[in-house]
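Below are two complexes that have subunit A in common, paired first with subunit B and then with subunit C.
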Partner chain A sequence: MKRPIRPKIEGCNVAEHGTEEASGFNIHPMEQFEIHPLFGGDTLNWYTPSNTALWMGLAIVAVILLLVMGSRGRALVPSRTQSIAEILYGFTHSMIEDIAGKEGLKYFPIIMTLFMFILFTNVLGLWPYGFTVTSHIAVTGVLAIGVFLSVTLLGIFRNGTKFLKLFWISEAPLALRPVLAIIEIISYFVRPVSHSIRLGGNMMAGHAVIKVFAGFAGAMGLGAVAPILAITAVYGLESLVVVIQAYVFTILTCVYLNDALHPGH
Partner chain B sequence: MAVEGDLVQMGALIGAGLACTGMGGAAVGVGHVVGNYLSGALRNPAAAGGQTATMFIGIAFAEALGIFSFLIALLLMYAQ
Partner chain C sequence: MASGTEVAEVAKEAPGMPQLDFSTYPNQIFWLVVSFVVLYIIISRIFLPRMAGVLEDRQNTISGDINMAAELKQKAEEAEAAYHAALAEARSEAHRIADEAKSVIKKDVEAAMAKAEAEIAAKSAESEARIKVIRKNALKSIEEVANSVASDVVAAVMPSVADEKALKAAIAARLKG
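Moving on to the complex of A and B:
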C-alpha cells in the first residue's frame, strides 16, 4: 500500500494519493495509519524512532509486565494478574496441543510470542490516539512470511521428501491427483498473502470505519446522537474482532505447523 | 459533457469498486460456516465446544477468498 509517509504534503495532487480529500469530513479516516517520526523532522530513515516503533515497544513492555508480574507470585489462589497470565498461557497451550499435537508443543514459545504480540498491538490500537501497528501490511507481512518460511524449512528438514505428500493427496482417485497437486501447491504458496492481509485488512478496515463515523459526528456537531451510538456499537464489535483476529492468526500458524509436522494428512 | 481528470484512474477506481463485490461472496461463505456450526451446536451442545477451533479455521479459509478481492481493490487503488 502506498500511503504518503508525511501527513501534510503541500501541493500533493489527488491522482497521486488515490483517495479523495474533498469530502465534507474534517477527520480523514486513513490519517490514523500514517507513520510519523516521533521527534519532529520530516525524514523517515530506518533508524528514525517513529510511532510504529513506539507502539510496538509499548505492546512488548505490556506483554512483559503482564507475564512477569503474573508469574512472580505463584500463589495457589491466583491474583487477578496471575489468573489472566495463566488463562493466556493455558489457552495457547491447549490450542497448540489440539491442532498440532504433542510434537507441536516444542514450538510453544514462538507461537505464544506471536499470539501475545498480535493481541497486544491490536488491543493497544483501539485506544484513542493509539496507533495500530498490525494495520500495516508491512508488519503483518513480515510475521506471516516468517511463519511461512520457518514452517516450510521445518517441514523439509524434518520429513525430507515425505513433505511433498502434503501436495500429493493419496486419498483422491489417481486421475485427479495431478490436478489436486497443482491446486494444493498454489494454495500453499498463497498462504502468507492471505495470512498477512487477513490481519492487516481487518485492523485497517475496522479502525477506518470508526473514523468515518467520527467524521459524521464531527460534521453534525452537538446533535450527533446517531453517529456516536454507531461509534459505540462499532467499537464493541472491534473489541471482539481484534481478539478474534489474533486468535485466527495463531490458530492458522498451528495449522501450518501441523502440516509441517504431519504432512501425510 | 466533458470529463476532466485521469481516465485510467477512473477505470481503476471503478474496478476497485467492482472487485469489492467479491467480498459479498466471502460474507455468504462465512455466514454459512457459522450458521451450520450453530445449528449443529444446538442439536448436540456437548460436542460443540471441541469444534470451535475447526469453525474458526473454516471461517479463515472462507474469508481468504474475500481477502483476495480486497487485495485486488487495494492494488487497483494504490499500486499502479
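Moving on to the complex of A and C:
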C-alpha cells in the first residue's frame, strides 16, 4: 500500500481517495498525522521505523546540534549557539527552582529532557512536510501518564499518608472539606487527561487549520492569495503556540512535582 | 490500496483521526520510549554537566576577577597611603633641614655681626683716641701759633710791654674761654 505523506490538496490525487468528493475541492487536513512505515512495506509493527521514529530522531539530532555541539567550546564568553543552550538551561533551571523549590532541582535532568523533547518535536513539526510527533495523543498521553505516575509515586514515597493532605484543604471550613476533597481528587486524576490533550490537541488543531487553508488555496486559483495570507498568519500563531505548549507542559509538570514534594497547601 | 493491513483498515474506518488509530500506538510508544531514553542520556550525561561546568567556571572566573580587583584596589590604596606617608616624612625632613640650616646660618650671621661690631667698636675707639691726640696736638699748635702771633703782634704794636709770662697767661685764659 502506498500512502504518501505529502498533503493531498492537489486535485490530481482524487483518484487515490475514492471516498472523497471528486470535485477540485479536496482537503485532507488529517492525513498529515498518519503514521506509516518509513521504508515502505505494509505492516507497522511496534518496532518498524516509522515517520514518528524519524521525527523523534530528528529532534534528538537537533538537540545534539544545538545544545551539545553548540556548547562544545565551553567558552567563558559564549558563542551564539552556546548562548541558546545556556538560555534554555537557565530558563528550565529557574523554572524548576521557582515552582518546585530547591528539592525540585533533583529532577532537573528528567524535566529538561521532557521540555527539550516536546519543544524540539513541536518546532520541527512546523517544518514544511514535517510530521508533528506531539500531535498524537499516544505520545502526549504516555508522557502525561508517565509524569502523573512518577509524581504520584514520588509523593507517596516521600510523604506517606501526608500526601493525602493535598486533597484535604485545611484552610477551608470543616464542613466544606469533604466536598472539596472529592473535587480535588477528581481534578487530580483528570490531570493526565488535560495535560496530554492540551498539548496533543493544540498541535493537531493548528496543523489541521493550516492544512485546511492550504486546501482552499489549492482550489481557489488566483484567489488563493487570501488563504495563503491566512496560512502565514496561522503559521506565525502556531510558531508561538508550539513553544508555549512545550512550556505549559513543562511548567505543569513542575507544578505537579511541587505538589508531590510539598503536599501541604 | 490492496493488502488489508491493520493500518490501512483502521485508517479507512477512521479517516478523520489518525490519532485514534490504536494499531499505531505500540509503534509510537516504542519509539517514544527509545528516543526519550536516548535524549535523557544525552541531556543528563553530556549537556547538563557541561553546562553546569561552564556556568560554574564563569562564576568562578567572575568572582576571582572581582576578588583580584579588590585585592589590587587594596594594594593601590596601600601604595597611596605609603606614598602619602613618605611625602609627609620628606616634607617634615625638609622642614627640619631647613630649620637647622636657618639656625646655623643665623648663628653664623650673629657671630659675624658680633665680630663686625666688635671690630667697628675697636676701630671707632682707636679713631677716637687718634682724634683726641690730633685735637690735643691741634690745640697745642693753636696755642703756640697764638702765642707766637700774639708775642709778634705785641712786639710789633708796643715792644715796651713785652712780657712773655703775662701774654701766655692771657692767651691761655682766652683759649679756655
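Brief remarks follow.
Everything that follows uses one rule, which is that the second predicted complex is superposed on the first by the 237 of 265 C-alpha atoms of A that agree within 3 Å, B and C clash if a C-alpha of one lies under 4 Å from a C-alpha of the other, contacts with A are read in each partner's own complex, and residues count from 1 in each chain.
In this section, contacts are C-beta pairs under 8 Å (C-beta built on N, C-alpha and C of every residue); 3 or more make two chains touch, one makes a residue touch a chain.
Please read all numbers here as calculations on a predicted model, not as lab measurements.
Of the two partner chains, subunit B is the only one touched by A:95; subunit C is not.
A simple residue count on subunit A separates subunit B from subunit C, and the partner touching more is C.
In the superposition on chain A, A:210 makes contact with neither subunit B nor subunit C.
Looking at the shared chain after the overlay, A:197 reaches subunit B, while subunit C stays out of its contact range. By the touch criterion stated above, A:52 is placed in contact with subunit C alone, subunit B being left untouched. In the superposed pair of complexes, A:255 makes contact with subunit B only, with no contact to subunit C.
Residue contacts after overlaying the shared chain place A:34 against subunit C, while subunit B stays out of touching range. By the touch criterion defined above, A:247 lies against subunit B but remains apart from subunit C after alignment on the C-alpha atoms of chain A.
In the superposition on chain A, the residues of subunit A contacted by subunit B and by subunit C overlap at 1-3, 19.
Remark: subunit C residues 1-3, 5-8, 11, 15-21, 23-36, 38-40, 42-44, 46-48, 50-51, 53-55, 57-58, 61 touch subunit A in the complex. For subunit B in complex with subunit A, the residues that touch the partner chain are 5-6, 9, 53, 56-57, 59-60, 63-64, 67-68, 70-71, 74, 77-79.
Listing the residues of subunit A that touch subunit B in their complex gives 1-3, 15, 18-19, 95, 98-99, 190, 193-194, 197-198, 201, 244, 247-248, 251-252, 255.
Across the complex, subunit A meets subunit C through its residues 1-3, 16, 19, 30-31, 33-36, 42-50, 52-53, 56-57, 59-60, 63-64, 67-68, 71, 74-76, 78, 82, 85-86, 89-90, 108-110, 112-113, 116-117, 133, 135-139, 142-143, 200, 204.
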